[in-house]
Amino acid sequence: MVISKAPVVSTREIHENIFLLEARCPVVASQIKPGQFCNIKITEFSSPLLRRPFSVCDVNGNSIYFMFNIFGEGTKLLSRKREGDTVNILAPLGNGFTIEGDYEHAIIVAGGLGAAPFPFLTKKLDGKKISTFIGGRTANDVITYGMENIQTATEDGSLGFKGNVVQLLKNNLPEIKKHKTRIFSCGPNPMLRALKEFCIENEIECQASTECAMACGFGICQGCPIETAEKDKYLLVCKDGPVFDVRDVII
Amino acid sequence: MSVDLSVNIGNLKLQNPVILASGTVGYGNEISNFTDLSKIGAIVTKSISLKPRKGNPPQRIVETPSGMLNAIGLANVGLEVFINEKIPFLREVNSTVICNIAASTIEEYVECTKALNDHDTIKAFEINVSCPNVKEGGLTFGNDTNAVGRITEKVRAATGKPVIIKRTPNVATISESAKVVKQEGGDAVSAINTLVGTAFNIRTRKPKIFNVTGGLSGPAIKPVALAKVLEISRNVEIPIIGIGGIVDWSDAVEFMIAGSTAFQIGTINFINPNAGLEIIEGLEKYCEETSISKLSELTASYQI
Amino acid sequence: MSVDLSVNIGNLKLQNPVILASGTVGYGNEISNFTDLSKIGAIVTKSISLKPRKGNPPQRIVETPSGMLNAIGLANVGLEVFINEKIPFLREVNSTVICNIAASTIEEYVECTKALNDHDTIKAFEINVSCPNVKEGGLTFGNDTNAVGRITEKVRAATGKPVIIKRTPNVATISESAKVVKQEGGDAVSAINTLVGTAFNIRTRKPKIFNVTGGLSGPAIKPVALAKVLEISRNVEIPIIGIGGIVDWSDAVEFMIAGSTAFQIGTINFINPNAGLEIIEGLEKYCEETSISKLSELTASYQI
Amino acid sequence: MVISKAPVVSTREIHENIFLLEARCPVVASQIKPGQFCNIKITEFSSPLLRRPFSVCDVNGNSIYFMFNIFGEGTKLLSRKREGDTVNILAPLGNGFTIEGDYEHAIIVAGGLGAAPFPFLTKKLDGKKISTFIGGRTANDVITYGMENIQTATEDGSLGFKGNVVQLLKNNLPEIKKHKTRIFSCGPNPMLRALKEFCIENEIECQASTECAMACGFGICQGCPIETAEKDKYLLVCKDGPVFDVRDVII
C-alpha cells in the first residue's frame, strides 16, 4: 500500500455524465488487481475532507484509469481535473476479484456504473470465454466501455432486453449451464441481491463487488461493516472486500 | 539546533507530544503500513471492553462540512483477543501504547484496568467516559461529574500507571470535571471526544446514520476543542491532552499554546496515515524557526 | 400544483419558514439591496439592548474550516435609535419583523419588551439568552435553566405577542430548558446560537479574536444543530426554530424533518445575501417533486 | 451592488508570487471606482466559506483586474483559475478614493501589495500631476505594475532609496510643498501610521485604504470595526471605508 501524488494525464467525458480520468502512477499500476480500489484525496485542502473510493477501471503501462459520474462535490471536482493537476492516491486497497481457478466461462454482470472495474478485469481474463451482461434503467445508463461480447438489458426497453439484467441472465441459463462458469458482478444492491439468489439456486460461483460509505479504506475506522452469515461479527467492506463470494455476505 | 520534543504526562515520558487517537488507528496493525509507530509519541488503542462488541449496523459514518459523523458503537475485539493478539504486535513494533477502556459500569472499568495492568507494553490508561454512541455507556457517565470522580478514584486505585480521563465536550463547563479528575488522582485529561451530531436523508427522512446520532470529529470541531482546552488550562492545573480537528503541525501548535501538554490526532489518520510523522517534522522546524529549544515550553504559553 | 409554504409559530403566521437570523442581517437596510425582504418569512433584527453598545474591538471574526468565529459583542444602536430609525425602514419594505432582545438583567429584558410592544411592525420577540460573547450577559443566563424560566415568565407577562427563546447549545441537555420555556408560556425555542470556540495565532500566541473566544457558526456546526433540534423535538412539544449552518434548501429540509417548524439562516447571508429567496424556491420545487402540498407536513417527519 | 458570476479570462504571474487575474464583468466594470473593492467567492462549495475582499486593480472595457499574492487557501485557488473557470463577485463595495476636489498634485504612496488599487486610480487621475512612491522590504516586494513617475524605497536598499517609503516622502517635502497636494495611500498599518503623522504635521490631505478581516463586506456582520476619534462608536471598514481620511480613524 502506498500514498502517491499522481499527475493527471487527462479527463474525458466518455458517455453522458460518465468521465474517464487517466493518472500516471507507476507504483499502483504495477501492483493493482481488478476489483481492488484506490482511495483518492481530491484536493490538498480539508474539504472535501475524506478520500473517495474508486475502482481501478483500467491499467495501461504506467497509467491507471478511473471511471465515474458526477455525484456530489468530490466527483464534480474530479471531473474538472486537467493535465497539470494531481490526485492523491492511496492504493491498492481491498481484495480484488479472484481470477484463478477452475472455470471456463467468465460472465460479467454489471449495473450502471458497476461497469467501472470490468475493462481491467476483461483484460486480465485473457484466455477465458467471456460474456458480459450490462443493465441500466434506460439506454443512457448502459456503459459498455472496454468490454467484450456484450448483451444489454434496460428497464424501459430502450436498449436490448426489456427488463433487468438478472432476468436477461436467467434467459441465458441453458447456455450458461453448458460450461463451468464464474460470475463477476458489480452494481446496485437490488441487482446483487437478485443475482445472489439466482446463483445460489443454480449453483453458479459468483463474486460481487460491494459498496459502502468509507472513511479510511484500509481497516482503521471500522466505518464499513457488512453483515455475514456469522451473527456476532461484521466483515469490513474495505479490508475483507470489496469483492466477496455472494454466499458469504448479506447484501 | 537540536530541539527537545519530549513531554511528560504524569510519570509517562513521551519522546514527542503526538499521540494517535483511540478509534482512529485500530490496534496499530493497518496504519503501520504507512507510518513508523516507534517514532510516534504514543498510540491509544481502540476503546476496549470486557467482552467483544459487534458495533452498530451500517451506515456508521457520514461526511459533513469539514468533518465526519461516526457511530461505530465501540466495535472492538474484547479484552481477551486484545491481550493475546493485539498487544504482541504493538510490542514488536516498539510503540508506546496507551490503552483506552470503555465500560458500562464502574466495576467493568476496574476489571479491565486490572486485567491489563501487568502488561508492560501498556504504559498508561485512557478512560473513555465520553463516547456518545453507546446507549448504556459513556455519555451518561460523561455528563455526570460525580460519576467521573468515582471512576477516576476506582481506576486510580487499580493501577500505578498514569490514568488519563477522556472527557465529553457535550457539557457546559468541562473544567469542573477536570477539577474532579485532579482531586481523585487522575494524571491527565484528554479533551475532547466527538460532539453529538446528526444528519438526515431528505428523501427517506431517515437519519443517515443507523444509530440516529453520531460523533462529530475533524477540522470542523477544532475551534470548539481549542476553547475547551483553554477553559481547562485556565481553571485547573492538570496536564491536558488536546484533541479535535488537528490536521497539521500548525493546528498542533495552536493546541499546545492553548494549554495542551500533548495532543491526539484522529480523523486525519484516515486521510493521511502518515500525518503523525509529518506533524513531528513540522513541529521541529517551527521550533527551530522560532528558537524554541524545548517544545514543552509552548504548553499554555497563550498571551491573553 | 401550488404548494402551501406557510407555517405557524404560536399565533404568528409566516408566509414561509425562512427567517433571517439575528446579527446576520443588521436591521435589514443593507441586505435589501440584494433580496426582497417582503418575500422572506421573517427577519430577526440584531440583538437590541436598552442602551447602544459599541461592541468588541477588532479582530471580531475569523474563518475556520467550514465555519467562522465571531465576537461582535452585541454591538447595536440601542433601543431608541432602533425605534426611531430602524423600525420605519422595516415597515416600509413590508417585512415581517421579529425583534431580538439581549440584556444583562431580567428587568432589562422586560423593559425592552414593553418599550417595543406597541410597535405594530414587530410581530414577535426573540429573547437571546445565549450569546456567548458578552461577559455579564447571555451565557450565564443561558446555562441556568431556572433563569431561562424566570426570563420567559416575565417577558411573557409583558407582551401578548409570541415569545421565542433563543437557546445556547453549550449545554448537555438542551431539551430541559425547552421544557421550562414551554411551562412558562413561551411560544417557541430557537436552537441553536453559536458554539463557543477559539483560535490562536501561532506566531504571537495571542487569540485571533480580541475577545479570546467567539461563537462558531456556519456549515461546520450543522450536524450539532440538527442533533439539538432533534433532541428537543423528541422530548418537548413546542415549536422549534432550527438554526445552524444552513446554506441551501436541502439543509433547510433536513432541519424541518428533524423537528423545526421554521428555520433561520445566518452566516450564509454574508456569502449569498439572496440565499433566503433561493431557499424558498428550492423548497417549493422539492415539495412539487415529492408531492407535498403543505410544507409544514415536513416538520418532525423523521423516520426513526 | 450586484452579485455576478464572472468568467475568468486569464491569470498571469506578473511578478514573483504576484498574480493578475482578468475577469469579464461588464456591470461591475462600469460601476466601480478606484479604491472600491469586490468580495469574491472563490469556489461554489462551502470551503473556503467566506468571500475574500480584493481591490479592483484595473478596469479595461468589460474586464476587471485583481492583483494578489498567494497568502492562504483562497488566494492559492484563485491563482489557479483559468479560462473556463468563474469567480463569483459581489461588488462594488465600500467608498473609494475621492478624486474630485481642489488639488494639483496627486501623490500615491504604496507599500507592498498596497499597490493593488493604484493602476486604476492612476488612470482616473487623468490631468493631475502624479508622483508615485512605492516601498517594500526588498526589491522583490516593490510592485510597479501600471503606475507612473515612480520613486522606490526598500528597507534593505536593494532598490532605490534605502529606508521606508515615508522617509523617502519626507526627503521630497520641499518639492511636495510647491503644489496643493493630495496623498492616496495603501499598505501595511505601520506605514499608514507613519504617513498619517507626516501628513498631519505638514498639513497634507491624505486618504488611506485600510484592511480588516471581513465576513460580509457590505455592513451586515459588524465584523470590521475601526476605531475613530469618537470614543463611543466604531466605523465599519467595509461600509464606511475602506478608504478614510487619515484624520478620521485610528490606524
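For reference, chains read A, B, C and D in written order, and residue numbers begin at 1 within each chain.
The rule is short, and it goes like this: a contact is a pair of C-beta atoms (placed from the backbone, for glycine too) under 8 Å apart; a residue touches a chain by one contact, two chains touch by 3 or more.
Computed from a predicted model, the values in this text were never measured in an experiment.
If you tally contacting C-beta pairs for each pair of chains, B-C comes out on top. Chain C and chain D have Cα centroids separated by 36 Å. Per-chain CA centroids place chain B at a distance of 34 Å from chain C.
Centre-to-centre separation between chain B and chain D, using Cα means, comes to 46 Å. Counting partners per residue, chain B has 65-67, 218-219 as the residues that reach two or more other chains.
Looking at chain A, residues 46-47 sit in touch with two or more other chains. Chain contacts here are complete: no pair of chains fails to touch. Listing the residues of chain D that touch chain A in their complex gives 45-47, 73. Contacts from chain D toward chain C in the complex involve residues 1, 3, 41, 46-51, 90, 212-227, 232-234, 239. By the touch criterion given at the top, residues 65-66 of chain B touch chain D in their complex.
Residues of chain B that touch chain A in their complex: 23-26, 29-31, 33-34, 46, 52, 54-63, 65-68, 70, 72, 75, 218-219, 247, 267, 269-274. Chain B meets chain C in the complex at residues 64-67, 69, 143, 170-173, 195-200, 202-207, 212-214, 216, 218-224, 226-227, 230, 245, 250, 253-254, 257-258, 286, 290, 301-304.
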